[in-house]
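Shared chain: chain A. Partners: chain B in the first complex, chain C in the second.
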Partner chain A sequence: MAEIILKNVSKVYDNSVTAVRDVNLEIKDHEFMVLVGPSGCGKSTTLRMIAGLEDISSGTISVADKIVNDVQPKDRNLAMVFQNYALYPHMTVYENMAFGLKLRHFPKNEIDARVKEAAATLGLEPYLDRYPKALSGGQRQRVAVGRAIVRKPAAFLFDEPLSNLDAKMRVQMRTEVSLLHKKLGTTMIYVTHDQVEAMTMGSRICVMKDGEVQQIDTPLAIYDSPCNLFVAGFIGMPPMNFFDGTVENKDGSFFFVGKAFSFPLIKPEWKDKLAAAVGRKVVFGVRPEDIGSPSAMLVKDAPTLSGSLKVKEPMGAETYLYLDDTAAERFIAKVDPHMVAEVGQSMTLPVNPAKVHVFDAESTNLIV
Partner chain B sequence: MNTIHYVLIALFGAYFVMRFLIPTSVFPRKIKVSRAYLAAIFLILAAALVITPFVWLVCNVFKDQSVLMKYSFLPPISEWSSQTLNFTNFTKLFQGEESPQGTVYFWQYIINSIFLACAGTSISLFLTSLSGYALAKYKFKGRGFLIFFMAGSMMFPAMLFLAPLYQIIYKIHWMDSYLSLLIPNACAVFGIFLFRQAMQGVPNSLVEAARMDGASEFRIYWNVMMPLVRPMTGAYCLITFLGNWNNFLSPQLYIQTHAKLTLPVILNQYLGLYLNEYGVFLAGTLLAIIPPAILFFALQKEFVAGLTTGATKG
Partner chain C sequence: MSNSKTFRGVNYHPYAPWLFLTPYIIIALTFFLYPLIYAGWLSFHQTDGPHSAVFVGLDNFKFIFSDPSFYKALKNTTIYAIASICIQLPLSLGLAILLNNSQSKLKNLFRLLIFSPNLVGQIFVGVLFSVIFTPRYGIFNIGIEKLIHWGLDTQWLSKPGLIMPALIIVSLWMYVGYNMIYFLAALQTVDKQLVEAAQIDGASPWQVFLHVTLPQIRPVAVFVVIMSTIGSYQLFELPFALLKSSFGVDQAGLTIVGYLYDNAFNSGDLGTGAAIGWILAFIIFVISIIQLRATNSPEDK
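On to the complex of A and B.
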């Protein structure tokens, strides 16, 4: 068990490309921290620096209160699960899982006990004598996880471990990894570009972009209060709808005034921040599930958004409506699947006014 | 060219025209079948052509010196006797010959050759694969230049280095020592490139996984890399063994002690200005073929796989 702390960690490659810039991250003991972001955001590089597979250009990384900047990967007591499984093809499942223990000179009976225990946990017992080529993708990934857990490391590092699996297997393995975390209670750092994985698995999420940390918080806190436009757009599927406009004060009430509509910003605690933003260019954000959804319908005298329905995507449990407002700004509403809506029809949908966001257009930071 | 050559060329020409120049669709079914027979005949004849010298060799080693030049292959069965077919060539081969160091027996040269081929192959395999691993998986300053320099050195013919190499070996007192045969070829650039290419195909994540598992750098090379480039190792073993086994020039140049000579040098001495022991020479040649043949059959699977590594997806 270990706490992992990154202080001002940066990574600059020889060609002067900065992959990670000044990252500060505190991963608590037993925590499941998810690093999420688009390709090239530096999340894998950060993980690899923690693992010791990449040198650090500046800053410090400590594992269990010990600075490990110059410590070899094998001496950091961390285990890593790779995106492409990285199983040794010439070794059986048993040998793959036992390899790390053999190298650490564990007694044979201890190796055997640990491998069999891990195999039982992961449902790999019937496959111990097989070679990786005779396993399915999901089984291979389980072996990779098994190879990590037999060592009982201080922390697990997962580098996009599910991205090579098909959608169904991904959902299944997602649950298994979460259950494994609950069972072992070991610190886990999990890198993914899939925000659904991040939301569903992480105790906390660290959203990264262009090598910088954007926001670190619990999944719901990030979802409800994204700190900037990038986080708001990245977390959530379908993504948040954005509209350009300004904040205006009309007789003490604040409104977002866009190209096609104006929208009341009603929460009393927003007033001070909105007053400072009057006249500035802002971006108004509202999530699809807060437009025309059953919960939005329940809000009394809810303000509305109108648009012409362009595309309708029935998903089963809900339906996505793609609408264009009068200024041809496209927005998405996530509505009840039984709502009557025909393509081409003009629709007016209620919006939950407590769930909207306003971002500064220049700095992209959240105003309210 | 003799009659066999003309027949083979005619057959090959006919096969080539039918196989590649005439579209398959114009053939009626009968011609298609006959085309398959033609291909089989052609391949049988080609195989016969390849195996003929070997059969000729086997026949001639058992022929007595008196009938050696009289028949191409074996004498007619009516003439088979201990006078025409016997083991005299082998007896002569193994009877030993006088040298300043005393009597040297033929098996001594076989042992010398086997030792040099095995030692040379082992050393070369270890050093070239280790170098190939470093060039494939380590990033270090000057790597690009090093690769360029090594690739450039391959463009010069080996003969060009003969005089300087001789001088170096002479000056470091390696003349008449097996070091002069083993060390200069111990780390062949060709081998380094072969292993570099093969090891580049091994995903970096395997190396990193081993590193995380606690493997030292040498253990990664030995336990992870080498088993994964086994086909290349088999192929390289065979190529290097044959190179060392057939090496004529270096022992001829650097080895002076008779008891230290190798098979190619000693076999050559049976055909000289004052000695023309063709039968003995052929008997020695037959024996010299056996070790590489055994190695080839042992490594055949690896060797063929090695030559096709990377040729197809997966």
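On to the complex of A and C.
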């Protein structure tokens, strides 16, 4: 059990690529922290620095109040699960899991007890005598997880552990890892580029881009108030709709004025911030599920967005409508699957006015 | 087409594979199988040329197994083979690991330098070292004199007890780089993530080597051990050149192939020569099988 703290951590590779820039991150004991971001944003590098597999160019990393910059990976008491499992091919499932304990000179019966317990937790009992090559991807990943949990480390590090699995297996393992975290209560740091994994698993999420931390918060806080355009567009599927325009003040009421429509910005607590933004170029953001959705329909006197329907994607539980407004700005609405809509038709859909966002176009930061 | 077959979506005539194999089959039959069988036939005959063979049954084998020189040759060759495997191969592996971990820009140059001695061949190396080992004036003796103040007058090539060590030193110089190349190639295929997984699992560098690197390069290591054994048992030119076309004082430089050469060409007894050849093939075969068995990996069973 341990707190992991990164202070002003940067990483410059030999080829002078700055992979990670000035990262500050406090991972509390028992926390499930997810590092998420697009490919190449420095997630793996950050995780590998925590593990000790990569030198830290500047800054400090501490585990359980001890600075570990110069501590060997083997002495950091962390366990890591790799994307392509990294199981020892010449060892059986049992030996793979027992390896770390053997190296630490645990007594035989203790090793046996721990391996058996992990195998039971992960449903690996029938496979203990098999070699990794005789296992499916999901089973291999379980062994990799088992190898990590038998050691009872201070924290678990996961680097995209599910990305080699098929979609169904991924969903199942996602739940299993979450359950495991509940059961063990050990600190976990989990790297993924999949925002769904981030949302569903994390106690908190750290969104990264180009080696820099964008926002650290709980999944819902990030979803509801993304700190900038990048986070807003990255978290959420389908992504948030964006429209360029300006903020205007008409007789004390604020409006977003875009190319095709204007939209009232009604929340009283927004007033001060909006007043400061009047006349500035902004980006207006609405999530697809706040346009024409059952919940948006319930809002009294809701403002609307109009467009002509270009594509309709029924997903089963909901339907995605791809619409173009009169300025040919494409936006997506997530609507009830039974809503009547024909491609080519023009539609006017209610929007929940309390859920919209305005970003500064220049700094890309959230205004409201 | 009814008589065509398909491989990965390509249609072919059923005879096509045989057509492609024909050159190999012809070469193998002419230069491998025929000589082998002919030598087998020869080993039961007394002959001094192709047209005067007299069947002698097992006489050739009886002679060999009662000849002290054969046992001398067998002992010398076996000592040499054991030394190759126990001294040379660990050194090759060590050098390969050093080069593999090195960040130096001179890495490729070192690799070439260490590899190059065996390019010139055993005869040349033998001649070269017969000079290098010259007592008092040879650079080898001068070198060890400088290092440990001893051995300037050591007669490497004329003391029976020193001939084999000299031979081992020369072959070390000649082949250490050759085997290193195999190990280096194998090390480069070791999955880096396994090494990292082991480090995080708590393995020291030595434990990583023992539990991850070594098992990963095992197939190549087995190959190198077997090829070294075979090569060692075929040793001939190196001592022959080193000892100026002799087998050394007290036959201390006599190898099995040297013994074969001596019987077949110095004594002109081709039948006995062929018999020795077959015995050698059998020895190599048995040792290779034992080595393969001993190094069989568990996950392949």
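We adopt the following convention: the second predicted complex is superposed on the first by the 368 of 368 C-alpha atoms of A that agree within 3 Å, B and C clash if a C-alpha of one lies under 4 Å from a C-alpha of the other, contacts with A are read in each partner's own complex, and residues count from 1 in each chain.
Simple rule for what comes next: a residue touches a chain if its C-beta (ideal position, glycine included) is under 8 Å from a C-beta of that chain, and two chains touch if they have at least 3 such contacts.
None of the values given here were measured: they were computed from a predicted structure.
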Combined model on chain A where chain B meets chain C, clash or fit: clash
Chain B versus chain C as contact partner of A:S163, first or second or both or neither: neither
Partner chain in contact with A:N84 - chain B first, chain C second, else both or neither: both
First, second, both or neither for A:A51, with chain B first and chain C second: both
Partner chain(s) touched by A:N69 [first = chain B, second = chain C, both, neither]: neither
Touching partner for A:L103 - first (chain B), second (chain C), both, neither: both
Partner chain(s) touched by A:Y131 [first = chain B, second = chain C, both, neither]: second
Chain B and chain C footprints on chain A, overlapping residues: 51-53, 72-74, 78-80, 82, 84, 86-90, 99-100, 103-104, 147, 151
Contact set on chain C toward chain A in their complex: 191, 193-194, 196-204, 207, 211-212, 215-216, 218, 297-299
For the chain B and chain A complex, residues of the former touching the latter: 203, 205-206, 208-215, 219, 223-224, 227-228, 230
Chain A to chain B touching residues, read off their complex: 51-53, 72-74, 78-80, 82-84, 86-90, 99-100, 103-104, 147, 151
Residues of chain A touching chain C in the complex: 51-53, 72-74, 76, 78-80, 82, 84, 86-90, 99-100, 103-104, 131, 133, 147, 151
